[in-house]
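Sharing a structure with you now.
First chain written, first letter: the chains are A, B and C, and each begins at residue 1.
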Amino acid sequence: MPVDTMVNILELAGLYVFATSGALMAIHKRFDVVGIVVLALLTALGGGVLRDLVIGDTPPAAFTNVNYLVIPMVAAVVTFFAHPLVGRLAFPVLVFDAAGLGLFCVTGTLKALDFGLGSLQAVLLGVTTAVGGGVLRDITARETPALVQMDTDLYSIPAAAGAAVVVAAHHTDLPMPVVATCAALFVFMFRIVAMVRHWTAPHAWEPKGRTG
Amino acid sequence: MPVDTMVNILELAGLYVFATSGALMAIHKRFDVVGIVVLALLTALGGGVLRDLVIGDTPPAAFTNVNYLVIPMVAAVVTFFAHPLVGRLAFPVLVFDAAGLGLFCVTGTLKALDFGLGSLQAVLLGVTTAVGGGVLRDITARETPALVQMDTDLYSIPAAAGAAVVVAAHHTDLPMPVVATCAALFVFMFRIVAMVRHWTAPHAWEPKGRTG
Amino acid sequence: MPVDTMVNILELAGLYVFATSGALMAIHKRFDVVGIVVLALLTALGGGVLRDLVIGDTPPAAFTNVNYLVIPMVAAVVTFFAHPLVGRLAFPVLVFDAAGLGLFCVTGTLKALDFGLGSLQAVLLGVTTAVGGGVLRDITARETPALVQMDTDLYSIPAAAGAAVVVAAHHTDLPMPVVATCAALFVFMFRIVAMVRHWTAPHAWEPKGRTG
């Protein structure tokens, strides 16, 4: 029970920061209050809704637990008024975002496994849960999705690594709450280090003697 | 029965004008006939398809009632030939679009309630039904969605207000056909007035002394 | 049985070339390896996933047969290293892409008919299966979808013609394996000729005396 409660609190915290990142982008693009609410909801809920549509769990969790709608709306309202302050809190926001990344890739992977999907599929859906909302945010705001851009700090690769850990442990007798916690922490740390050290993913291999 | 027939006729009229707005954007962007048909279909049907996928009503209504496909295709063909005339009819098109907005947000909200979704969720899906197609049209045409842009006349806020009226009445004994009609008319009038008076939604609050 | 095997091999070949086209676009846009994998998966699987969500066959085939994930990932890795060579193979890639177009529009149409959808709906879903992935690729890469652009060689129209042939034959006693093979070949030839002769779809009709 305390584990469930902790996961729940972390999940709502993750939704809050994901929604904040959507609201901040909307304000940066000078969208109006409708745009702020839409991007907050899309960013926070998009990944989970995509996952639930794919596994066939309709209505998606975002439409059955009202907290999942209320929390992003609260984040949108707070950001609407407090964005100059929130903007100055860029690093704390990124830290919470890393926590959300770790949490949602783990819970998404576990849900996909629960619904009987295979290992590779579960990893893909775990990553989708964690990064799908950001992709929808970027597409709606007419930005090139950060997911695919060159020279952004690693984001989906920590999530994929964490999802792979969960899937591997699923085939063993290890206690899942412990594994899930460790995997989420691992993703969190991996992402934080990637940000601090500016680790980026390679771009396409070039034969020697060619210029980039 | 006459109410059903009236709703049906209004619904097809709404699909027709939504499809026309998609076809006009395609022509404006100099897309070919495939682009005209694709944007007409996306604009007219996208919102309802998104709603039906979320509530789990598959195949979506757009794929079970053939009129839902035929009407937007007719609109695409008519616009293909008559676009110089249709372009001059900008205001009538906007008036019918406002009627579609009112109708689809009400029918979308009612369908979500029918499928057992909560109040806030039903409002969100009602608005999605009414505005989702336009967002898909804008994204496909590489326009910033009118939904989120600053300084566009209110569009989704009238829809949200109408959806909220329907949800509130759902918890009372008021006769739903009357409520639905009034809510759709209210959305229609609200949108028309917002267009005429150029009402816009606020953008993010700025502390005093800062420039926009 | 040999027919099934042949369809399976062609399907995997089609996924491979669709994924390659996604990976090549990602490299052209200078996306990193994550972007290459994401665009490869989206391009190869997006159309089929959209079809399966609409007909309510969840999880979509792309999430139940692991080959559907592995093949595009292999294509992404090969393109990552071999893209200068693959780029020089532009015409062979387009030929395989035409084969994928023919195959996927036929299999998509047949699946929609199997799930009881109507004729026009089945044609639309057949075309969606074949072209949906490319649209998602273009939207994610912030390109105007080739589907709607003017003056691109015919792509969706051959697919629509082939899907219509399948639907027409579905109402007769003709043996479906023969019909499906002929329809796929017809789409393939139609697309190849359209490329070679640079056939394009018309853009909106203009009254005489006006300039384009």
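Structural remarks
The rule is simple: contacts are C-beta pairs under 8 Å (C-beta built on N, C-alpha and C of every residue); 3 or more make two chains touch, one makes a residue touch a chain.
Since this is a predicted model, take the numbers as computed values, not measurements.
If touching chains are joined by edges, the resulting network of the protein chains shown connects every chain directly with every other.
Between chain A and chain C, two chains of identical sequence, the interface residue sets overlap only in part, with shared numbers making up under half of the total.
For the pair chain A and chain C, the distance between mean C-alpha positions equals 30 Å. Counting partner chains per residue, chain B has residues 53, 139, 142 touching two or more of them. Chain B makes touch with chain A in their complex at residues 53-56, 115, 117-118, 120-121, 124-125, 135, 139, 142, 144-145, 147-152, 156-157, 200-207, 210. Considering their complex, residues 26-27, 29-36, 38-39, 41, 49, 53, 58-60, 63-64, 66, 69-70, 79-81, 83-84, 139-142 of chain C touch chain A.
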